[in-house]
Every structure is written in structure tokens, then in C-alpha cells.
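One chain, subunit A, appears in both complexes that follow, with subunit B as partner in the first and subunit C in the second.
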Partner chain A sequence: MRAVLVLALNSWVENLRNRFFALALTFAGVVLYLSMLLGLLACDQEVRVLLDFGLGFIELMGLVGAVYGASTVVLREMESKTVYMILTRPVGRTSYLLGRYLGLMLSVGAAMLIMAGAHLLILLLKGWAFRPDYLLALAGAFLKVLVTGSLALFLALSTTSSLSALSITMILWSLGHFLPEIRLMVRRFGNDSILIMAPLQALSWVIPDLQLFNLRDKLDLPVGMTASIPLGSWLAYGAGYCAVWLLLSSVLFKRKEF
Partner chain B sequence: MRPALPAVLAGGLALCVLLNAVFARRPWTAQADQVGIQLAQDGALESAFLFGMGMRRLASDLGLIRLLLYYGGSEEEFPGAAAAAGHEDDHDHDAEHGAAGGRHRHEYDVDHPERSFGGGRYPLLGPMAMRVLDMDPSYSYPVLFTAGALAFNLNEPQKALWLLDYAMKRDPLNPRYHEYVAAVGAHRKGTPKGVISILERLVLDPECPTMMKNVLGWLYYKNGQKAKSVGVYREILRDSRDQGYRGIAQRMLERLGG
Partner chain C sequence: MGEGGAVLSFEKATKSYVSSHLGRTRTSRGVCELDLSVRRGEVFGLLGLNGSGKTTTFKLALGLLSPSSGAVRVLGLPPRDPGALASLGFLPELPCFPGFMTPAEILRFYGGLSGIPAAELPGRVAKVIERVGLAASAGRRMGEFSKGMVQRVGLAQAILHDPALIILDEPVSGLDPLAIKDFRDLLQELNSRGKTILVSSHSISELEKICHRVGILKDGRLGRLLEAKDWARGGLEEHFIETVAGGAA
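Take a look at the complex of A and B:
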């Protein structure tokens, strides 16, 4: 466990020094500024537009950072052989993988928190009354990023190509958001066209329901309603998915021959 | 002995199925879309992309901004507006509404201040609001704004009622829609006092569009209740983010000596 923590902290520091994260934060600043401009166009609904644009792009930047990092970090170290320097020490392969993953997610989480801080500041300056739902929405976005990051890591190790891993992850990210519609399609047409719907049905059973974590969509709920959000079970759902993908990644990584 | 890779993968996928079966299929406590998404062809690709990225609210926000740009500008300049207007040429709107078409709408008429902002035909207004509603069925502002504009500015109460009916099918428990139906009904009967009493309740809602406050101020003015009219226009000037209505409020206050 100590090895995992050391690796995670090491990865975190490494990632914070990485130019990509500075670029991500700059880009997020520009996007937040753009959201302010769009907010002006929305007149009475300025705050809602600011809220939605800001949260949406914070999630998007977190996703890009996590997926890019997860699909490149291990493969890059395998290619440059730097992975030997760690694995020749008393560090298990699972610990190495877990440490890299946690470090990456810590970096992404830190970047998302900084962006959220700037976003909150703009919102409060615009007269928005703070609601705890905002933190729930942010937590939901981070859960999505965690699940997708673990999936990207698994895909990177199974395809051994960062580009393939990136592309497949983004496709699954999209499908994960369309899952309620996919389920509706399967329910409506499943009996009439069994053969056509079977692959879709199988997919709907396997891919994570990312729409479930989309707590941004619930920001209009009355304050009391947020108490009914089954946060515990969603946390378990997200953690379960991360565990499954990390477990599979670990199995694949253990079989790799360098 | 290490387990075979296909067996491990199958085990992982089985765990995913289990997670979906246990957690994701639990019913969500918030209202579901009663009718289902019926995306219009125009802009469907953009909406589908944003849906896929998990940004449904953002898609509806963009729809609202388009609606506001359309209604806030000259209707002849908007792409597709001319074709849409062509279907409605059998109605003599100018005679009906006092020639408050897009070209003249920015000229301020002290005797008819309502004509300087919001008059005209705007045939795409209703369909645009319906499109926003398709994307986010719980988003009531575009419906309230458009229904108010159709009923009180464009003298199309029937279209306003259709829109409200469309919205109520998606969100039947929203009390705002029922209040609006009552206000439009009173307006059709030509009972300003009835409309005023309903609008007095509606404007207390923080989601109430500034346009409806403007209608209330104007009805007070027409009804000889100048002190109340001044109060409403002062509130618009103080609270509204809509520059257009702030301008109208300023001019009305000058006229009323407030």
C-alpha cells in the first residue's frame, strides 16, 4: 500500500509539472470567459448558462486530462523502458498500475477543483446563491472521469495503442450518455427486431451508465429533492466499475513481457 | 496456474452486467420525460453531439440563446424565418397588431410602448421553444417566455396555449404552466383585471421572465394604476439582466415621472 501511495504522489507531482495541465487550465480560463459572453446573450438566464457551460467544460477538461493520461502514461513508460526502474524494485505490477492511476486522478481532481474555484467565483460575482448541489454535480463529473480513466487504462493495455484507446474511450463515453435512450430503443423495438437489437442490448448491459452521474442535469430540482439522490449507491456503482477495469488492467499488465 | 485471459475478460464483463443490474436500473426519483425526445431536423447533429458528451442542459441553453437572438433581432434577418413567414401570409398581422413588425420595432412609440419591443410575427418562436423543451423537459423558462411573447406581444394566444399544452405533457406537475394558461385565458376574454391578478402572482416567481413583468407594468399603466406601474418598472430597472427591457423600463419611468 505504501508503494501505491508513493507512486501516486510521484505521478501527481510529475503531472502537475506537465505542460498539458497548464494548457488545460489556460484553456479552461478562456472557456469560462466565453461562457460569460454567452451568459450575457441569455439575459434573464445568464446564471444558468454560466453554470452549465462552466460545469460542462470543467468536466470536459477533466475527461481529456484523464483519458489522455491513462492511455499514454503506462505505454510511454513501457516504450521508454523507464518502467524497469520501478519494477526492478520491490514494487508489484498491480501496485505500480494503481499508483499511476491514482496519481493521475489526483492531478485531474486538483485541476478540476482549481477550475471549479474560478467558476464559483464568477458565479458568486454574478449574484448566484450557492447551492450544495453544485458540489454534487462536481462530484458526479469526477466520478465519470474516474470510471472513464480506468476504462482508458484498460483499453490502452489491451490495444497497446494510445490512439485506439483514446478513440474507443470517447465512443464509450458517448454511448454511456446515450444509455437511457439505448435502453428505451431496446424496450420499444426489442421484440420486433431481436437480431438487430441484441448487440445493442448486450452493450447496454456492459457499459457504465454515465448519465446516472450527470448530476448537472438535476440542478433545477428543488433543494429538498437533492436529499433523495441515492449518492451512496452511485458511489458504489462508480467504484465498482473502476475496480473492474483496474482489475482487468492489472491482469493484462501482469501478462506483459517487456 | 494463471486463469486464461478470455475467462478473466468474461468475468470482468459479467461483473459489469451485475453492477448495471444492481445499481443503474434503480428508478430515479426525479421526473422522467413524459413524451420522449423529438429532436427537430434543424441542428439535430449539434444536439446529438452535446447529448453524447453528456451536456443536455448546455444543448438546451444554446437553443434558448438562439430563441432570444431570434426574438431580440429583426425577424427577416434570421435564417429560415422568411420561409416560415410565407406559410402565415394569409393572416393580416400588421392590421391585427398595429404594424409592429420587425423593421419598426426599435422605434419607440410613447403611446404604445409594447410595440417597440416584442411585436411582429416571429413564426419560428413556438417551434424553437418546443425544441428547447425536447432537449430539457424540465426547463420551463423558454416556455414561459415564449408563451408570454405569443399571447401578450404577438397576439397569438392560441399558439401560446398549444405551447403550454406541449410543455404540460412533458412536465404535468409544473404549476407555472397552469398559471400561464389561466393568464392567457383571461387575456383572450379581454379582462385586464383578471390578467393583472394572475400576473401579480406570476412575477413573484424568480423564474418569471422580465417580459412578463413588463406586461404587468404596461397593464397597470393602461389601467390607470400608475404607482404600481412605476413600482414594476423600477424593479425591472433594478433586477433585470435584460438590457432591452431595462431600456423600456427607463423610458416608461421617464414618461410616468417615476
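Take a look at the complex of A and C:
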């Protein structure tokens, strides 16, 4: 457990000093400014546009950081052979992966919090009445990032190519937002076109339903409506997917020869 | 500890690499039926041409590779056993460290991974920095370091946790003559304190100066095993050329 913490802390420090946060903050500044401009154009819907655009952007930035980080972190350490100096110590391979993953997600989470702070400030200045649901929407975005990051890590280890891992993750991430539609298609046409629908059916079992975490869509509901979300099963669903991808990554990494 | 005082032993260890491309499978051999023991307290050198199996031998000892057949033991344990890993230190060829970190930060990181108690860590780090001659540069960032200084940090992380066996892959590669001498002195000092050292190098003269025994690898096999007295007269280079050019394997 100590090794996991040491590795996570090291990743955090590395990201902190490696322009990760500076880049996140710069982009945050630019896009929040753009969302203000768009808000102005939206006339009476300014706050609504600001809210949607800002939350969407925070999620996208978190996603880019997590997917890029997870696709490159282990492969980069393998290429530079830094991993040799870690794995030739009493550090389990699962601990190594978990430490690197947690450190990366800690950095991404912190960057998302910083961006959310700036976003909230602008919203409040524009007269938006704060709703705790905002934090729930932010948590949903972070859960999505966690799940997608663990998938990217698994793909990076199975394909051993950052570019492939990045591309496949982004495809699966997009499909994850259309899972209800995919399931509907499978239900409607599954019996008639078994061969065509079989891959889609298999995919629907593998990819997570990311639309489930899209709570920002529900922010226009009356206050308290989002409280009906079953938070426990929602968290369990996200954690379950992360655990499965991390477990599979660990199995691959344990068999890896350097 | 292993049989007969061996800190590290290879028993008929073979490592084959299998690669496939477009359905065609190719097998190449890293090492073949390697029988070798590194005794406690000795400096053992590994010589060989590129592709002779030195790196494979090291990786088998470090648990980065598993033998296809045969066995490898570090202090009587499988190399990936936490007990074995805790008692070895490794310096890879051309170690790489983040340029924005200081040697002290890097060593705290590796010390933490080696299981050194948090309370002991600052003292240990300061001591090892002093020992490798980096006390004056401890606060500088790695990005400002010369190759020789990076290599010292590499050695520092390998000896920080006081391992019984130190494995060094081409430790003097690319260093200037003064840095090589400093490095040699450091290794001799470590050995005089009872550390077992396994070192590979293309510099025959360096191995001649520090090793008690040298193994010459040829085509993945142990071509010749020599003791210091064997090269006392003719020199190690002669044995090396004879082995790799001739039919000694």
C-alpha cells in the first residue's frame, strides 16, 4: 500500500511541475472567456449557455488529460526504462499500475476542481443561484473521466501504442454516450439480423453507459429532481468498470516481459 | 542464501524470444543453458559482444524476464520474490530521471519504494548523496546535471537501501576518464564493505581492474569463465578475443 501512495504522490508532483496544471489553467481561462462571449450572444439564455458550455468544457479537459496521461504514462516509463528501476524493487506490478493511475487521476481531479472554481465564480457573478446539483454534475463528469482513464490504461497496455490507445478510447467514449440507442437497436433488430447485430450486442456488454453520468443535462430540472438519482448504484457502476479495466490491465502487466 | 555461497545463480537458464508477424512466428535465443553463480562478496564482470546475451542475463536476474527453461535464484529465491528484490540494487545503462527533480527528491522516491521507513529516509538520502560525491549539487535539478553526475544519482538509487547484490549495466558507458576513475573507486569501496557486484561493460580494461571473475558470453552461452589470475599476465582482452572469435563456446 505504501508503494501505491509513493507512486501516486510522485505522479502528482511530476504533473504539478510538468506544465500540466499551467496548461489546464490556460485553457480554462481561454474557454471560460469564450463561454462568456457565447453567453452574451445567447441573450436571455446567457447563464444557461455558460453553465452547459463550462461544465462540458471542464469534462472535456479532464478527459483529454486522463486519456492522454493513461495512454502514455506506463509506455513512456517502459521506453525510457525508468520502469526497470521501479520494478526491480519490492513493488508489485499491480501496485505500480494502481499508483500511477491514482496519481494521474488525482492530478486530473485537481485540475477539474480548479476549472470548476473559476467556472462557478463566473456563474455567480452573472447572478446564477448556486445549486448543489452542480457538484453532482461535476462528480458525474469525474466518474466518467475515471472510467475512461482506466479503459485508456488497459488499451495502452494491450496495444502497446499510445496512439492506438488514444484513438480506440475516444471511439469507445463516443459510443458510451450512445449506449441506450445501441441497446434499443439490438432489441429492435437483434432477432432479424443476428450477424449484423452480434458485434453491437457484444459491444453493448463491454462499454460503459457514459450517458448515465451526464448529470449536467439534468441541471435545468427543478431543484431537488436530481436528488432522485440512485447515487450508490451510480458510484458502484463507475467503480465496477474502473475495477474491471484496472484488473485486466494488471493481468496484462503481470505477464509483461521487458 | 543460495547453494555454495552463491548470491545469484543461473541453472541451465534459457531464454527464447518468440515474435510473430502476419502469422509467421520467429524464435530467437537470448541465453542458452546458462550455468553461472555469482559468489557472495565478489565483483563479477560480464563481457560479450552486442547481442551476446548480457542484457538478457541481467533481466533474468532482475525478474524483468522469466526463463523459458531452467532456473534463476537471487539469494535462493525466485527473482520476482519481494525478498529477492529487496536485496538487490540495479543501475540500468543510461538511467533516466525527470529533469525538474533534485537528486534528493529522486532518492526519497526510490527509498520509499524500497520500503525504507519514512523516519530514516532523509538521513539515508543525505548519507548516500555524500557517498557518491553529490553533496554540493544535492539541491540542483537533474536537468542541469552532466552525464557523470546522472550516473552517480543512478548508483545512489541502486545502493540507497543497502542491498547485498548490486547489478550495474554498462556503468561507465559514455563517462570521461576522471568520472570513470571516480566510479571505479566507488565500486571498489562498496565491494570492500562486502557488497556483491555484477557488472557488464564493453570496457575490458575497466573490468580487468575491478573484477575478481569475468564471464564471457558468446551467442547466449557462457563461452569462458575466468579468474583474476587468468588475465594477470596476458590481459583480459586476449582471452576475450580468443573466445568471441574462436570456438571456445
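Here is the rule we use: the second predicted complex is superposed on the first by the 256 of 258 C-alpha atoms of A that agree within 3 Å, B and C clash if a C-alpha of one lies under 4 Å from a C-alpha of the other, contacts with A are read in each partner's own complex, and residues count from 1 in each chain.
One rule holds for everything that comes next: a contact is a pair of C-beta atoms (placed from the backbone, for glycine too) under 8 Å apart; a residue touches a chain by one contact, two chains touch by 3 or more.
Just so you know, these numbers come straight off a predicted model, no measurement behind them.
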Looking at the combined model built on subunit A, do subunit B and subunit C fit side by side or clash?
-> fit
Among the partners subunit B and subunit C, which is in contact with a greater number of residues of subunit A?
-> B
Examine A:211 and indicate which partner it touches, taking first as subunit B and second as subunit C; both and neither are also allowed.
-> first
Please indicate which partner A:100 is in contact with in the superposed arrangement: first for subunit B, second for subunit C, both, or neither.
-> neither
Under the superposition described above, what is the C-alpha centre angle at subunit A formed with subunit B and subunit C, rounded in steps of 10 degrees?
-> 160
Could you look at A:119 and tell me whether it touches subunit B, subunit C, both or neither (first, second, both, neither)?
-> neither
After fitting on chain A: smallest Cα gap, subunit B-subunit C, Å = 13
Do any residues of subunit A touch both subunit B and subunit C, and if so, which are they?
-> none
Complex interface listing, subunit B residues touching subunit A = 2, 5, 8-9, 12-13, 15-17, 19-24, 26, 28-30, 36-37, 51-58, 61, 64-65, 68-69, 136, 138-139, 141, 145, 209-210, 240-244
So in the complex, which bits of subunit A are touching subunit B?
-> 38, 41-46, 48-49, 52-53, 56, 59-60, 144, 173-179, 181, 184, 204-212, 214, 216-221, 225, 228-230, 233-234, 236-237, 240-241, 244-245, 247-248, 251-252, 255
Across the complex, what residues on subunit C touch subunit A?
-> 59, 62-66, 82-83, 85-86, 88, 90, 92, 94-98, 100-101, 105, 109-110, 112-115, 157, 161
Which residues, counting only subunit A, touch subunit C once they are in their complex?
-> 2-3, 6-7, 10, 13-14, 17-18, 80-82, 84-92, 257-258
